[in-house]
Each structure stands twice: as C-alpha cells, then as structure tokens.
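Below is one structure, written out as structure tokens, with a few remarks after it.
We just call them A, B, C, D and E in the order they show up, numbering each chain from 1.
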C-alpha cells in the first residue's frame, strides 16, 4: 500500500499540492471493495445476466446464443399458474403489509402503555421471528389441520357445523398462509414500532394530555405521522420479505390445493430446476424484479430525490 | 383569592421521594418562577400541578376547586414545554386549533381564537407553515399560542426559553413579560436561569431537593436570601462568603485577620448574638474610586486577575484569606498586580449561622 | 512571527459558499476568539484550520509551514469540541493517551505527559474513571487535556463551554484564561457567547456570512465597532440605535425631534461630514442620578418597563421616537410610569453611515 | 474411495432399497456416502444440478433417466461409461433396450439404469371393500361402479396425493387405460396435437374428471400418505406406480390377500418402462473415476439388481435374472414385460419443460372441480402442440 | 369522570384511586392476552405434540395435553430418525450448523459493519450509489441469484486456484457458503450499521482524526466498542437467518456438512408410512432451539439495539 489516508507521510512532504482525488480516502475505498463488488457483480451483474437469459431459450444450462426474444414472456403471461401466482402475491402482499403494520403497531402501542410484564409479552410476540419459515409452515399446517387442529377442537366443543379449513380450500388457502406469515413476522415489526414509539418526545404526550386529546386520537393524528421514518423502515423490511415468500408456501401447502397457493418465487424455482426451463424461470424472475422496481423507484424518488437529506 | 394552592404535596418515584410535603400558594394573576438547580424537582412539581403525574400524597387546588383527581385537560391550565412539543406534521394553525377542535368548539370560534392568539404573538404570517419551517423563537411562540387559545387561567411554563440562544432569550423574555401584563393570567414558570427568574417573577420560589427554600419577591431573594444556599445560588457573579465570628452585641464580624463593622444590619429575627457565621458580600456592592471612603469598611487589595466584559470588569483578589471577586465599571482600567482601594458596607450583606446556614 | 495564517480560504458545500476568500493572521501565543451568529461559518473555519474539511480554495499555514493538504494529526494542533467528544469506552487516561499511542510515543513518555496534563488540569483523581462518570465540567477539562498532552502549538476550541451551565461556564472561563497565561500557546476559540469573547480574547474576530467583519481587541470591538452589525452584535443588553442626520461639520446629530451634540467624537477616518447616519449608544453609558448634569446630553424619559436583575436594573423607554434601553444600578428603585432624568455623551457612542453601515 | 451419492429415495421402502446399494458398494472397499434429499425430485434436482454446474459435483446421482440429463451430457459434465457397459455387455442384458437408449447420446453411454418403474397400476384395498361389502373390482369400469358403495361406507374411493407429479402420472395411467396405447403414442411420441384435442381423448378427460370426483375427499399431500390410506383401508384404491408396492411390503401386507394390484387398470395390460438411472459427474481424478465405474458396474450386477428391486418393488433392468422370490404383483409386471407389452415412459418422450406444463395443468385440473374436462383438454392440446 | 362520581363525598387527596379493572385496563390486557394466545398456540402445539405417542395423536386433537408424556420423539428426532440410510437424526446436523454459523456470522457482520462505517463517516464519490444498489438488492428474490452465483463461485474458485497454484474450491466449501451469507446479509446489515454510525456524534470522529487515528484505528478503537447494541441486533438477525437457512445450506454444502435445517427437512419429508408428527415437532423444536434461546436471552438488547440503529435515518 503505497499511500494511506492517515499515515500519509509521503504527501506531507509535498504539502502545497492537492492530492489526487482517487487516492483520497483510499483505505475507505479499499475497505468498501466487498460492498462494491457485491453491488456491481452480484446485484447488478447477476440481475443483468438473468435478464439477458430471459430472452433466450435456455433449458437446463444457460444458452446465451439461443435468442428467442419475448417468447418466454408471452408464454409466461399465458400461463394460468403464473397469473394465479401473481394474484396470490398481490393478496398476500397487501394483506401482510397492512396486517403486519397494524398488528405490529397496535401491539407496540399496547406495550408502550407502561404495562406490567412488558418484557414477557414482548418475548411472546417476538419469538416466532426466531423460527424459520419451514418450521412456521409446518406448525401452522398442523394447527390448521381439519382433523386434529382448530376445526376439530371447536367441533368437539359442540359447534358441529364449524368449518375452518383454509389449507384445503382453494378459495381461502392464501389466507391460511397469511395467518402463518403474520405470526412469524409481526413480532419483529412490533419491536421496530416499539423502538419508534420510545423515540417520541415525552412532552408530546404531555401536550396532548393537557389539551385533552383522547389517547387513541393522539396515536392516529399525532404519533403515527411522527413515526413516518419508522413506518418506512418497517415497510421496506416487510416488502423485501413478501417478494421472497417461498419456503412458507412450500412447507405449508406446496402450492396446493391445486395451484391455488402458488407464488411467483416458487414458479421461478420450479421452472428453473424442475422443468429445466431456465429461460422461463428467468423471465418470471425478471417480471418479479420489474414489479419491485415499479414500487421501489417512485418511493426512492420521493424519499431521497425530492429533498436532499444529510 | 388564591388561584393555585399546593398542599403537602409529596411525590415519590418508586422509593425516591422527589417532592416532600411541599406547600405553595399562588395568587391570581401572579407570575411565580420556580428556580433551582437541575434535578431539584421543578419540572416534577409543574407536572403535578398540571396533572401529568400521579401524586403520592397531598392536594392541588386551582381556582378554588380541588383538582387533585382531575384530568389535565379539565384543570384549566395551559402548558408550554422546553422542547416546544409541537405536532410536526400539522401547520401552525393546526397546532393551535387541534385542542379546540377536539373539544368540539364551533368552527367560527376556533378561527377567532386562533386569530387572536396569532395576533397577540405576531405569528399571523406563519399560520400556514409547519413547525420544521420555523425558527426556534417562532416555535416557542407557537407553543405559547397553543396554551393561549385554550383561554385558561393558569399558564405553566417548563423552561420555555432554554433551547434558544442568548439574544432570542432576552427578546422573548421581554415579550413574555408584556404578555403577562396584558393577559394578567396566573403563570408558573420553571427555569434555572436566574436572569429570567429575576426579571420575570412577581415572586420566586427557590427549590432544592424537593423542598422550597424561600419564596419571595426577586429583590427580597436577592437582598435578603433566607439561607446560605439561596444566597450562593442567586446572583452572578456569585456572592463572596467570609467565614468568621459575630462579636458580642452584633457590632462586628471578625475573620482570622480582619474585622468588619456590622452597624445597621437588619437581622431577620431579634438581635444578633455572638456566634460563628458566614458573611456574604455581593460583588456589585463593592465600591472603588473616590467614594470609597464613604463606606464603613475599606481596605487595599491586589488585583490577581480581571475579566473585562465590556460593560463591566470583574476583578479577582484575596480578602481576609478568601478569594474575593468584585465588579467595576467596564471603563475602569486595571491590570493584574495593581493595588486598589475598595470599600463596602458589611451591614448591606447577609449573615448566616455557621451550622444551620439560616440567615440571621 | 505569524503562527497561523489563512489565505483566501474558500469553502463550498455543494453550491453553498460557506467561507468566502477569508484571510486571517494569528500571532504566536495569541488568544483569538471567533465570534458570530449561529451559522456564520465559525465551526467551518475552525475545521478547515484543523484539516477536518477539504477546502475548496486557498492556503493554510501553521508555524510557517503550508499545511493545506496535511492530515489533522500532522498539523500540530489540538482541538476541543462543544460536546467534549470523549471516547466513551476509554478511561480518562485512555482518552488522554489515545493520540500519543497513535503517534507511537514511547510508553514512559506518555505516562509523563498524561501526568503533567492531569496535574495542570487537576484531574488526577479522575484518571481511572470513564467519561460517563464525570460531571460536565470535568469532561470539558479532560477534553482540554487531550489537546494538552499532544504538546501542540495551536489549540482550537469549538464552543467548548456552551454545554455547561452558567456557573460552571464562568469558572471554566477563568481557568482557561489562567491556562493560556501559563502555556502561552496560540489559541483559536469559537463561541457565540460574547461574555466569553470579551473576557478571554486578545483579539476578537467577528464573522458574518463567512466573512470577517472586524478583528481587533475586545475593548476596540466594544467601543469602536467597525460597522453597525458588529455594534449590534456586541454588548448585552444590545446597543440603542438612533436614526438621523449628522449636521454640517459634524457638530451635532439630529433625529426628527432631538438634537445631540457630537463634540469630541473620534471619527474613524478624517472628519465627520453631513450625511444620514445611525448613532449607537450603549445602555450602560447612560447616567442617572446626581451626576446627570455633567453629561453633554440630558433629557427626561418615562419608564415603560423595567427588568430588575439583581445587580442591575434594565429600563425600557422611548427616546427620540425609538425604543431605548439603559442600565441602572440594581439598588435603584423605579416603577413603570416614573419619570427620570438621564444623560449621556453622544460622542462616546458610535456613528454609522446610513447606507454602508460602516463606522464613521 | 468415498463416493457421495445423491438421491431422493427417503421413504421406508426406498431407503431399504438404497441400503442394498450401499451395502454392496461398501463390500468392495469403497464407502457409500449417502446424500439423501427428502421431498421428491423437485427438491433434490436443483441441488444436484447446481452442484454439477458449480464444479463441485457428487460422485454419482440419481436422475430419472430420459431427457433430463441431455444438456449436462452435451456440456461434457458427465462421465462416459461406455467402457463399463461394453465390458459388462449391457447391450445384451438390459431389457427393454429402450432403457439403455435413454442413457445413450451420440453412441456413448452415460448412465446406469437400475430399475424399471411403471406407472400403470391401481392398488385396491381388500379391507376397504370388505367394509363396504362389495367385491374387489378387477378392472377400471368395475372400480368406477363400486365407488358409490365405498363412499356410502365412509371410504374415500380414490386416494390421491396432491403433488403435481402424482396428478399428471395418474392422468397418464388413465390415458393409457382408457384411450389405448396407440393414442398415447400418437400424442406423446409424435406430439399430435389434433389427437390430443380429439374425441377419443375427450373420453380420457371425462374419465379423469370422474376420478377427480372420487378423489375429492383425499386431502393428503405425499403419495405414500395416500398409499397409507389404502393400506389402512380408509381408501378404496390408489392409482400409483409400482413403487407403491414397497410401502405395502414394509407394512407387511401380502399381495392378493390384503391388496390387489391391477396393471393397466385391468383394462390395457401394458407397463411403461421408465425408471431411475445413476449418472456419474466428471471429477477429473483417475482414482475416483475408476471407483465411479466400479459403482456403475455394481449397480447393474445381477445380485444387486435382485436385492434392490425386491426391496424397491420395481422391476430389474436385466432380463436374465431369477426373481422367483418376487411377489404376485411383481410377477405380473415381469410377465407383461416379457410379453413385450411396453410403453416408453413420459420422462423418455417429453422434455422436462413439457412434463412440467402438463403437471401444472393436471394439478390444476385435479384440484379444481370447476375446471371442465373440455377446457382442460383444450389446454392440453395446446401444450402438446408446443412440445419439442 | 367516573372516578369523580364514584368518589363523591371524599375530598380528593393523594394519589388518584385507580381501579384495577377499569375498562381501559380490561381492553389493554384483554387484547394483549388474546394476541398472546395467537402467538403462543403454535409453540404449545409443538411442545404438546412432541411429547405424545403416535396413537394418542391420531385419537386426540392437537391441543389436548399429553396423557402419557413420552420423550421418545425427542430421542428419535435427535439421534434415530432416518434420512435415506443414515439413521442418526439431527445430531449430525447440529455441529455442521455451528460450523457454518460461526464463520458466516462473524464475517458477514464484520464486512457489513465496515461498510456501514465507511458509508456514514468516510463517504466518497459514488459511495451512496453503491449503497442504493445494495438496498435494491434486498428486494431481489434469492432464487433469481442462485444460478449466477453458482457460476460465479465456480469461476472465482478457478481464479483463486490459478492465482495461488493450489486447488481452491469455493463451491461446496464452507467458505462458499460464508460468501453467500455475507452477500445476502449485506443490504440489511449495512443499512443497520450505516444508520447507527451516522448517529454517532461527528465530533467524536473528528477528535479521533485530530488524535491521528486512521480509518482502521477509528473503526477498531472508537466505533467498534461503541456499537455494541447494533452488533447485538446484527448478530441476532444473522444467527437466526443463517441457522434457519435451508436453500443455501443445501446447495452449497455436501452431505457430510449438511446443516441442521437440511436434516430437519429430510426428517419431516421422509414419510415412512404415516407422518410421525411427534417426531417432526420434536425435530422442529430442536432445530429452532438455538435461535429461540438467543431471542429469549437477548430480547431486551434487541429492542434497544433496534432503537439505536434501525429506526433512525
């Protein structure tokens, strides 16, 4: 290392000259090499590679020379399973976004009311986050099993006609998955919200009490708007999770009954490896990426583009 | 008629007793300043009066009504916070009207009250802005406005100016004083800035460790502090203390090597008797120059250090074996090592018992 | 010999030019205070001198060496920050020795230097404690110690006392002054507290919008401010300004209804000529009581408001159509509505051109 | 050498069969490192393929033989074992020879077939029929007729797991049984979309729709859970390949006494000759290659074939061995095989992609009662039309 | 209001009487209680089921407590359950998981913390651009990347081999897996650290520079010791993430080094006749034990760390 940022003894001998920009903060730049490589090679490079190959007729192995244009996309959008997957993702995404935020915030708000046993409750809400989606899927599959689970228990209590069998009902199976997904992830959102609530100036609460604002109204009109950055953080985390939902579905329903709980990530995986049609899988994943960008770019623009912070 | 009365107020946080059987009576229209070092319980007391803290024992009356168990919003108080506590996502107008809307005050009346408050505080041009787009002083004004629109009898201020810079603080101080003269509300004002306390207060309550040490007019507190703590707390630069003995009959105060006459001292109760004591002399009661010889006590000192502050100069020296500071005019020309003749009247100072530290 | 020289220093944050071709020469051993309103670029200038910001243009020399592109640690400077910036996880000793260890100073020498600094600052008993276990004043002392052990020629202070309470601030101010007398280092000290500036500085540089307005001794800045901004900035309570015209020959200053004699005014350059101007009169140069009639200008005013601050009383009135404030002794008894006779010497004030606002 | 072998044989019968391979290999002085990945080929295949592509291949791996490995071979990632095949004379002993053809690319052999699996079976539970009080049917039509009685007795007429390959497999079986071999060949081998959309095929779809109704209450996931329904008599029958036999065996049931197996659904007695094969990714290490080849030879050796296939319930790949210890069902299969009533397997004739599309279609069809037979057929014809 | 009327005749004095069963409290604790049931139910089911024998499971429902407590399923899950021909349950995977976990957690956190540190205190031209790309990367489904990453690792291994002259394989070694975990953990962790370090007073950083500390000096001596809460958060997130990972674990390792989750998948999916729910549940609990213990033990630190890092910025 010829030049270092701090040792810089060499540059000290030629003080009047402005040092080369490139070598400024050289250590910082060197230390960022893994990040730069990851960003460029993995996130940009691999994505580009994937997008490129989605225009080819790659089967088991990538075949960059078999260019087929938009064929893969045409087939994709005429496949029922893909359409169902997209629809499921939309339902699951919106519901889990809304429910995670609502449940996470509500629980955090309740815990923030100076209650007894806060840490016990907090641990109870948070522990599912420690478990993998595979485990989550299995347990809920079991709890929702119509013969042994909730349905049978309620029926045994005497409510004979009670049916609650989401995992075997194609119309509502996605909600069965949602129950499990919320169970696993909302605790983490709760913690984030709790941290945000703790950051609210105590005086704001006092001010609203002096003005006689009811607690619920204070939350809705004053506190939630103040927690915007926290909500954004939570939103990013939830959204990043939603797009990737795969393990949960595999463990809980394997996409069934039929194809009623298929999700895009599963479609991608299965097309790529099971059907040995990489091109199709890549086309599907490109579509997923596009949908992420459609959501993300306007947000990023609003968040960072409009007003420059720090 | 008493407007705010605090009877035997005790407050404990867990095992810690922060306020200890505190009593306080505040007249209607009075401007009372709670002054004390950090952590002495000023904010706690204010929060108790506002109903924001559940008290452990005692009673609180406002406007003749026992409000001990009432909600903050029902006590007829308005409160202004150190951090302003404005609602950041609402405009100034929204901030001012939020409480009224919530209390279901009719729209036209809200508009009228907001307009009046805005006019009083001269924040009309700001009504449509959000707090983030306001300067510190403007924010503080909006915070006051929020209490103002609610048309309350008692205003509570918790260090409302301490987040502002010196200049703004001085300006807003004057504004507050004028506001009080105009509204004639009862105001309870917490600060640890003594200039604020001295200039604003009708009466100052000096607190220490959850107990009120002295409650009196600014002049009284300054000139006749009830104990050594108050004397040392009030006044900048700090008062000078001499350790010594009062001679029989209270005619004289004697340190190891110096004797100072006490003729004319106004004792707090009865006459002075011989005992060990502290004598406090304020830096600004020292006289130099031609008038020195009119003073009952004169001596010669050597300047050790001086601070020229423009309007005044502060001189550091040693007198009767203790460090001694006094103030001279800013035009005075002194240098370290100079010898000066100074004089003061020890009877204008304050004497404190050596052990109880109470004023004699 | 000049110790620190700043030549044509320009600094831009993006498109915003914060410092604009600023020049400054600081003598060896001098105590220079940078004073100015918030956001005027004081900290920025200090950071540039320290090498913590990359300058856009210009040169910085320290001890005769061009250090413009050197690392902060090589410039022979020590820096003390407003928030102390102590390393929270290290003991006081660790904080003091961190820089030396980085510079690979031998162990015994580190120990010796730390011991010396600790002795100078009287923090020996604290050496094993962590910053969290120190009071504000002690932390500040450690922060100074950190600069001290590094045996540097130039000390940079960025509002080192502004996080402390008034009392402590006054004490540390004196300590700093003594420290400077003892070490005779060059010190550059940023503050926006003018009392600090007045008491500590050998020279004060008053900044505004990235430009130095005046650089001179405290007395000069106070008595002969170079322009209206400086006059208004320095002095608390603020100087009073009258708007009016200088009469031909500079004998008189006339407002709409009042005439004030200017005999004896020391003009900055040449003689006074007739022109519209501002006259600034400091509140503390007003005299009341028996000596009034010795003053070139006397008048009668009505007290509108007064602030008794213990040692002094500030009286608010209107004179010649403008609000006017002046200071009286704390013992003076006045009340709103009283009529008082006051006097001052307009020639002791400062005159500023109406348009350029420069001192005449 | 240590040979790591990946496969997805993890159910009871399967694991017992694999143990035979391992035992045989260990006996040669090499070590079998078992790389079982549970959850069917769907889970295992991405892992196998990524490891081969990533340059860190296992030493041998199970793959359905047929077209799955074509590209890997073309990319030169798999070991050529032609010399082993020639030395052992596989050409002569492997029966049917189509199995070896599937391992051959450009005249070179890349895999060792280990068994023949045929899909064309229906497994009937004696207990279920006893409980329902009707005789065990002997062909598809009788079975369809008996469904009502089973249902009345609280039985599930047809047990079906919900994995995609089960749906599409069961359809294939019905296709051969109801539509006949010729139609099947026309569609699957010649990719005749017209036939796929034709009237004969419509019957097949009708039959599948009927089967769908019978399987409506079967909400298990895995195939062996469905088999278990038959074993315990909760369900009347299951359409499943011959590997189901392993489960009956593990459960201690005897063919003919506790259960009945009908090849070709008792209608068209043919069997498809799909199966499993082992491939040997290239390692670039002579010692290991030698060991890999040794393993290849071993897998096809008569003794191992017998032991393995008896446990697995599949048919051996060589015609020259004695399977007198085989049970009834297996013997039936052997007879059909000997008679040459064979069919290529889906894996051999359709690309994985097309199979995948058909699976998608079938899983949807089987699970969505509102999906009409006609609609499904139209979609099916479309897929066949696009097949390559 | 209710309080005032309820206490008519009493002079209000002292603490306001608080009714324990006020409607607010009933609502508050009621909601918390109901929510707790939802969150605890699956855990209860897991535990109860894992302690029952198979016959009991088939008869009863999932919620009924075990009539006859048996630890058989636990033993089986840990040491006896079969996958293929290996019948040693999860025990083998446990140590593999630990061996994967430790380097992955350490390296991914080390790199992400340096990234966050550089991004907040040593900004350079373009650093924000890379950061933005990284954040976008958080949204890319892993599956999309697997294929190219497999190829990348192969190529990187070849390059390294050529450079060092010895055969280095990233694919299939623990190091390949470490790289993958580092890459996929990077977006969120970097964000976390960046936000945290951005909240450290800048003056501290300046003071250290005046004291002559460089990039690494400041990182190790000043920032690292201060960043403990955020390290705890990062550690918890990574430990759970990596411990629970199945996809990478199975693709980038070999049978001898399969992590516990792969064994779990094998046990759960290797159905032998009937599903042995009790063994599955025991295996599930055993697999989740490490992250669960970490959560139970450090919940408080977690919340504190989140407050310090994740929420700002």
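Worth a mention:
Heads up, the rule we're going with is that a residue touches a chain if its C-beta (ideal position, glycine included) is under 8 Å from a C-beta of that chain, and two chains touch if they have at least 3 such contacts.
In UniProt terms, the chains line up like this: A = Glucose/mannose transport system permease protein; B, C = Carbohydrate ABC transporter ATP-binding protein, CUT1 family.
Since the model is a prediction, treat every value here as computed from it, not as a measurement.
Both chain B and chain E are touched by A, C.
On superposing C-alpha atoms, the copy chain B sits rotated by 180° relative to chain C, to the nearest 5. Sorting all chain pairs by how many C-beta pairs they have in contact places A-E at the top. Averaging Cα coordinates per chain places chain D and chain E 40 Å apart.
Chain C and chain D, compared by their mean Cα positions, are separated by 91 Å. Annotation for chain A: residues 5-6, 24, 269, 272 touch two or more other chains. Among all residues of chain C, those that touch two or more other chains are 71, 73-74.
With touch defined as above, residues shared between interfaces to two or more other chains in chain D number as follows: 46, 50, 53.
Listing the residues of chain B that touch chain A in their complex gives 47, 50-52, 71-74, 77-79, 81-85, 87-89, 98-99, 102-103, 146, 150. Note for the complex: chain A touches chain B at residues 201, 203-204, 206-207, 209-214, 217, 221-222, 225-226.
On the chain A side of its complex with chain E, the touching residues are 4-7, 21, 24-25, 27-29, 31-32, 34-36, 38-47, 49-50, 62, 103, 106-107, 110-111, 113, 115, 119, 121-136, 138-140, 142-143, 145, 148-149, 152-153, 156, 183, 187, 191-192, 194-196, 198-199, 229-230, 233, 236-237, 239-240, 243-244, 246-247, 264-265, 268-269, 272, 278, 282, 285, 288-289, 292-293, 296, 300, 304, 310.
Remark: chain E residues 201, 203-204, 206-213, 217, 221-222, 225-226 touch chain C in the complex.
Residue ranges on chain E touching chain B, taken from their complex, read 3-4, 7, 11-17.
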